[in-house]
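In the two complexes that follow, chain A is the common piece, with chain B as its partner first and chain C second.
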Partner chain A sequence: MEEVDVEPVVTNISGIRPGKRMGFAWGPGDILVYETQNKASGPTGSGCAFIHVVRKDEDIYSPILRKLFNESHHIFVGLQTIKDDLPSKSKKPQFVSISRNYRSVIRACMEELQQAAVSANDTDMATQYGNQVSILLAIELIWNLCEVLFIDAAPAGSLLLHLLDWVRLHKSDVDEKAKGVLQSDSPAEHRDYWDVVLSYVLQGRLEDTRKMLMKQAMLQPAAKSMYKLMDSLLSKMPFYNPGGTQTLTEFDVKWRNWHEEVDRYLKDNSFASNQHLEVICKILLGDEDVLLEHKELLSTWYYFLITRLLYCHPTVKPTELHYYAQSSMMMFLDSGVPEPLDSILLAAFEFDIHQVIKDCSIALNNWWFVAHLTDLLDHCKLLQSHNLHFGSNLREFLLLEYASGLFTHHSLWQCAVDYFDHCPEFGRVYLELQIERVPLDTERKALKVLRICEERQMSEQVRSICKIMAMRAVRNNRLGSALSWSIRAKDAAFATLISERFLQDYCAKGTFSDLDLIDNLGSTMLLSDRLTFLGKYREFHKLYGEKCFSDAAKLLLSLMTAKIAPQSFWMTLLTDALPLLEQKEVIFSAEQTYELMYCLEELTSSLITAASGSGRPMQEEDVEVTKVEMLRLALARNLASAIVKEGTMQT
Partner chain B sequence: MESAKYVSQKVSKARWRPVSSSFLQQPEIFATGSWDNEENKISIWSVGNYENSGLEDGFEGDPQLICENKHDGDVLGLQFLDQERIVTASSTGAVTIFRHHHNSQTISVSQQWVKAHHYPCDNAPCTAVVCSSPEIITVGEDGRIIVLRADQDCMAQVIENADSSTIHAVTYLRTTEILTVNSIGQIKLWDLRQQSNSASQILSLSGDRVPLYCIDRHPNQQHIVATGGQDGMLCMWDVRQGSMPSSLMEAHSAEMWEVHFHPTNPDHLFTCSEDGSLLHWETSSHSDMPSFLQGSRNSSVTSRSAMALAGGNQSLISAWLNGDSSKSRLETTHMLPSQTLSVNSLDVLGQCLVCGTDGEAIFINKQVPV
Partner chain C sequence: MFVARSIAADHKDLIHDVSYDFHGRRMATCSSDQSVKVWDKSENGEWHCTASWKTHSGSVWRVTWAHPEFGQVLASCSFDRTAAVWEEIVGESNDKQRGLSHWIKRTTLVDSRTSVTDVKFAPKHMGLMLATCSADGVVRIYEAPDVMNLSQWSLQHEISCKLSCSCISWNPSSSRAHPPMFAVGSDDSNVTYGGKVQIYEYNENTRKYSKAETLMTVTDAVHDIAFAPNLGRSFHVLAIATKDVRIFKLVPLRRESTTTGPTKLEVQIVAQFDNHNSQVWRVSWNITSTLLASSGDDGCVRLWKANYMDNWKCTGILKGDGSPLTGSSGQPSAMSTVVGSSIQTSQNALNGMSPPTDKAVGLTLTRCKELGFCPPAAGCVCGAGGVFLLMHVKRDVSTYLM
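Moving on to the complex of A and B:
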């Protein structure tokens, strides 16, 4: 048994009285728990009558989050169909755009949850929504970072620019504060003014900084030259342009020159009279102590990291990131114990994809995020094949777990099917096991499940589902439905069963039920012998009704001689032949009469052998004997007339 | 232009609220029913035009939810009875009339027949409903046809054991005649005045008896009927002539769930299917030569025409009955941007099309080229 990574969480079951024992049973996505006395035998007292269902994942039951599952399913299927023939380099923009699609879906969901949290009447619901919003925020943060570092995989130079975008996207409160300041009467004297200016500097938004500083400069004409100096320093800061002709080394040289210039001005005490401008200057130099003094503005260690890199080492290489990340985290966090989010981000900066996935799997209660992210990274060929103990690789394992979770949902199981389809090793087996357990309340649902099975050639499941539906139909006396289900499954045995029911009904009532079905069997008659017999027998009745006696006679005889009719039914057929034999006109020819006699003999001899073994009651035997005698008489008479008729010369 | 709205429930039915023809308005309100949820709902949505918001042409506003109500069981059939009332068919066998109160923007149950469709000891799903106010006709898995009248609690007429298999859809042929389709591939014509327990006429395809799931009648030429079934083939029938379909066209690769002629422009037909596609069929015939003079060969590989129609009414032979032949052109376009899960339902009115899918999305197109 491997070691556990984290201590398991303890959940109290509120319905179970404290001190009592619990019994449990695993389900596909949940546990059934009940109170038990746990005695093997002996008198059982009164127990608790409740069974509790403990679910780990409540998110799939949230109506707003459901949209996330559906939309991401759509994106997932689109991702799988990207052709493999192109080299992965040219597919990178496609993968980036898919990653952005996923993120926009997360954001849309977040906004809706936010609105729901605000408008919720119930405080419990509002807190629940609020929690979901913060989880989604964290997820989007992690995903965005993974997109920047792994999928986009920017080299040194652009790497920092992408990281700057990442931080700016997730720190939108600056803009709100700025709006508040700008809308006031005198922005430069607003209480938050310098906070906004510093935040702009920390985010590297120097254009905005300059605009804000201009307002202050207008208020202090005496310090005009100082502000002008700061303005020029800010405007001269070089930013790397990835599309330009400048190489990284050239940029580095330029940046160092600028850095030295700023340093000179600081040492010159050019900004000594204005405390704020001096702070800005120190930030521009990347002074870590000054940065740490503004922790509340930075609010997170990764923000601190990016700012640090911006002003100390803008040409940072991806491989150097982890060193800066670790040191930033340690400098920023006093307590030293990182939150789960922090360690996930740190693992990302260290380019340890597996650690990121592992930590996310533990922290989140739903496999959605890790499954989709891993799948995308796998498509980018970033995951080494990491064989787990049970054979499949990491991507498949996560997708299987996610899809299995979806399958427990009464409605989302249809999405799960596509996920199983794209797990080459075990997907099919999982699907086969799960699809049989989908409850089938209506025919429409059964048809959809059948279509899924048929498309994947799961003939076992097709047969079993059709049999369930057919049995249900037979129980409700819907023989036509039952027949159509057995036709779909090509189940000859069941078709035979249904035909037997029809024939029994006929023997009991004397007429056929459901004539619309039997009259219109068409080629489906050939599915089973009994069914063919049923169709042909009905045809006989129709011919008789239309008074086409000779055709009816021929058909009747062929039913017996061609052995289409079961022997148990021969008596009935022979009895049906009686009125034809009794007609004034001779219908059966001599040949045919001989054949009928032969059939009767065969039938009686088998009856005698059967009767000699069992002790049948006298009355039944009497009826049988009478019938046989009548038949023999009729046959003899018919034979006589037939011979005469055939022997007569036509004049 | 299509916009997808995700609604957190699998949509089984979508229907536009009828607009009064005198104003030639585009429809704005539609109703949807859900299925396969623990708690199913019937919802009413609005796609207002927002003329005063200065949006560019072609921008489709998101449908907004106006109101919704719990629905017991899957919504297997949904139809607007009039501007305020909606009839639904439920998988519990119940038929319900909901009333939409415009003032308070709420829906409430107005009338219900709880066990309209049933087996001797079980519930039977009611599979389809069609109405022509105040008459409502429902069919179900129990093979019954029931005629109800809104505002009357008793059932006006019940045809017991009308079919030995499940009846999947029903449509009006004339005011007193209806057509039903069942699981053994038969179309049955019923004359409601005759109060008999057997159909007046039975039409079916010879060969494989493929279950049929939807049927619709041509709005102007009442003898032309289109059906779709398990194999995704679109069949055109002429009810007057014989018992065979007059043309078969390969439409979808899986079950066809709904087929609709455009109500005012019947050269256009729409079908939707389990395979996730929604097709728009457009026919135009450019000659009215009698079919027997043109021979029965057709060069198209995707359809088969049945035997040539005998004599009479050559000029009125609808292009639909010829299918895709040398006589008439048939164009098909996919209306959804990409493959989705099954499209369960569609409705078209004027230039507006709405459809609902198993991917829990509703698609609306307000500029259908008809």
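Moving on to the complex of A and C:
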């Protein structure tokens, strides 16, 4: 490919002095710049401290274009699901219909922008909308031509019919004009009358031409026969019928006969007395000079090209198009310089797909068009055949760029996910890098992002999001939320830390918060020892509340004997045992009581060693001592009753 | 590209660094006025300063955010020979109402005897770690073993680089195949001292960092250095700001399992640009490393982009034009309502300047009416005088294909 050196775009930043060094920082979708200086040059005291937010890809901030992005996203996803194994013959109509869907989205968007432009109060806004309409118009024009030439790839004969449709669709100003003419009191005398007639002829709309001419014929009874002759020539002009039985050669013979007939009438001056009819006759014969005299009506070289093909080479083959296109452009523009749109369309007529994509990327300020068109062409297997090593590489490159742009938008990023999903090489990594940057403003948004990551088994991102949310919740003292996020993150260390906080809270307040969560931990409590303890300890409280005393007692004891409870918590557990020991009924068996006593001894011995080291206040120690004494008493009494009870039962 | 808004930073001296948080909703600025400011972005995209405090007793060179997994944590480094770690604590309700937040100093890292020139948090998979480098040529790596207690930082490694250090960058790769790695640059201008960029790698066995490579071809002073996001590749990409912009590829060579030394790296230069034609001070990658930005003494920020065949090109330039800001309120309200335009950059439109004449290509091929979009009665709004202002050359989107 030709190496073209395009100058980089320069963006001027007001408020920064020319030549001054700038600092910068990348953000999502923008870049921050500020004036700064060499570290060594020391303080200058200049308070010129503005930070400028420089943004790109402004299109995504337009609410109407957002619809274009949203709706084309659905079409894109649909296209990706077309099976590769279908025979290409049956796929073609699908591709054409997808191409049409894309175009209709563009059209809908244009109409809406047009409405907005008309109703905008502010002229700046109106101009902006107008500019966007212009860009979409061009995009649709190019896309439609690409559809005809590359996707539909009509053979000789049908090709011209498609190109005529293309012209008629994009050059519909004649209909507006015709409406004006027909609504006037005397259409045939309207000043635009002949313009309309000629425009119809140039577009090959011969039925419309005949209807129009009829009006003139009625005004000129004298020339009736001449009009009748023209009418018959127009009605006889053969058009190829791709669905019919006629072969292209048969059509060609028929067309040549008709052409000769028209030529005969021109030569024998049948229309010499009516300059308008004579011009029509010459157009029918494809007289290039006459065509070029009507540049105003043709408006562009590519419409000139199609008219020329219609009346000179109706059986043009795709491979011959480039020749006629080039010459038509030269003839029409004369010495004028082709503009970007001209070059793009010419490249299309030359079947140089890569050049079309390249030129479009240069001329248009968004990735939407090139990304979607390239993707569609790639599905049609057109990129491979044209450029061996650019194929899907180019497709992926453009899709990644487009999707990355979407990702900076607060709602469009969700569409971008699907684009990344369909980029086999780098899509996943891009998604991983982008999705973890989506701001997790609310729990709801976090869950949304999380679901996307979970669906794609992005375990690291899932973990990270949960961890961020857990950390945020802890910082705001929302322990329940923090715990559930760290369980989701499978973060044992953090779950331990939060369980600890819960237990501290319980010790301080005597109640648990977030009961729902703790009651329903289920097997997730196994994530960390402390969490298990928290869950089990809460279970004990539940059993106790439900007066299942013996189960509660069993559980309480097991928490200590199985070392699930941290020793720092044993005193609390033993204190919890007190009311059970004090019940009238014996709850702890003798053996269980021995175990409880053993726990108490273990605890007190470790407390003594700890206390000797630290200078704890006397009062606190006194409370502890009283507690231990109370426990000992209760245990001894319970042991006595248990032994008595067990002895009684055995006999 | 266009200036969407300008923020009055209100620092009393030069700004040295601006840093976005991980999600791009907050930023921190630091300055020679010895302070750090934290800014929060509101729903409508405006930035509000929510904290501003004196952090050091000298110019603050760099400020950087820890990953949000570790909470709201900043690190700063300064000419006063220290680095510091700051944590935001959830303030009292009346502070929240006033939109203020509290940052408290968790630790001061005082090991350096000279100016601390850079501070960077390690990739999050390594835990809460940070590296500092200083003018005395030492890289220090600290770790907070308990993420809930940021007042405890232990100095894990002290690596002498022999040359005055100016910048440091962690390799962000979290692949198991890649041991922790960082690159450090020196701004020593004596070219006879050899390579100014050193790559260090962590060795599991010795539990130490050792030098894996010195980029011998970079002999001039280095001012900034940046590893690119890894994108799951086997090799690493490193950008360097020296007298020019350079991009290197570091390809780890397959190592025999018996050797215990650092991974050997094959160093390949990918691109070298002297467009700044002066010293380059900053290099930085965007999130997906598709764009590299650099700034130099020519007063330009240049944007570099690779096409799909890995050819790098300058695609954009930002430069000061000296014109005063209109309505220097700091957040001109008009700027926030600009909806995407194409022909005129809104910056120019808002500053009352004439539209850019450089290479804006207005197509005058056809009129909208002919394309059937403007009913004559509606009055054509498609560009001035019904001219079909189709496209303008917007090359930041484009040069990738060349």
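Just so we're on the same page, the second predicted complex is superposed on the first by the 476 of 651 C-alpha atoms of A that agree within 3 Å, B and C clash if a C-alpha of one lies under 4 Å from a C-alpha of the other, contacts with A are read in each partner's own complex, and residues count from 1 in each chain.
As a working rule, contacts are C-beta pairs under 8 Å (C-beta built on N, C-alpha and C of every residue); 3 or more make two chains touch, one makes a residue touch a chain.
Because the structure is a prediction, the values reported are computed rather than measured.
**Student:** Have a look at where A:Ser328 lands relative to chain B and chain C in the superposition and call it first, second, both or neither.
**Tutor:** Neither partner.
**Student:** Once the structures are superposed on A, label A:Arg444 by its partner contacts, choosing first (chain B), second (chain C), both or neither.
**Tutor:** Only chain B; A:Arg444 stays clear of chain C.
**Student:** First (chain B), second (chain C), both or neither: which does A:Leu364 touch?
**Tutor:** After superposing on A, A:Leu364 lies in contact with chain C but is clear of chain B.
**Student:** Which partner chains sit in contact with A:Ser589 here, chain B, chain C, both or neither? Use first/second/both/neither.
**Tutor:** So A:Ser589 meets neither chain B nor chain C here.
**Student:** Now for A:Thr315: first (chain B), second (chain C), both, or neither, which partner does it touch?
**Tutor:** Touch status of A:Thr315: no partner.
**Student:** In the overlaid three-chain picture, which partner chain does A:Gly19 touch, first (chain B) or second (chain C), both, or neither?
**Tutor:** In the superposition, A:Gly19 contacts chain C only.
**Student:** Classify the contacts of A:Asn476 with the two partner chains as first (chain B alone), second (chain C alone), both, or neither.
**Tutor:** After superposing on A, A:Asn476 lies in contact with both chain B and chain C.
**Student:** After superposing on the shared chain, does chain C or chain B touch more chain A residues?
**Tutor:** After superposing on chain A, more of chain A is contacted by C.
**Student:** Looking at A:Gln128, would you say it contacts chain B, chain C, both, or neither? Reply first, second, both or neither.
**Tutor:** Touch partner of A:Gln128: chain C, not chain B.
**Student:** Identify the residues of chain A that lie in both the chain B contact region and the chain C contact region.
**Tutor:** Of chain A, residues 63, 441, 476-477 contact chain B in one complex and chain C in the other.
**Student:** List the residues on chain B that touch chain A in their complex, please.
**Tutor:** Contacts found on chain B: 6-10, 35-38, 74, 76, 91, 119-120, 122, 124-125, 127, 141-143, 161, 163-166, 182-184, 186, 188, 198-199, 202, 204, 206-209, 211, 230, 254-255, 274, 338-342, 358-361.
**Student:** Mind pulling up the chain A residues that touch chain B in the complex?
**Tutor:** Of all residues in chain A, those touching chain B are 63-64, 66-67, 70-71, 73-74, 77-78, 410-411, 414-415, 441-445, 447-448, 451, 455, 476-481, 483-484, 487, 513-514, 516-517, 520-524.
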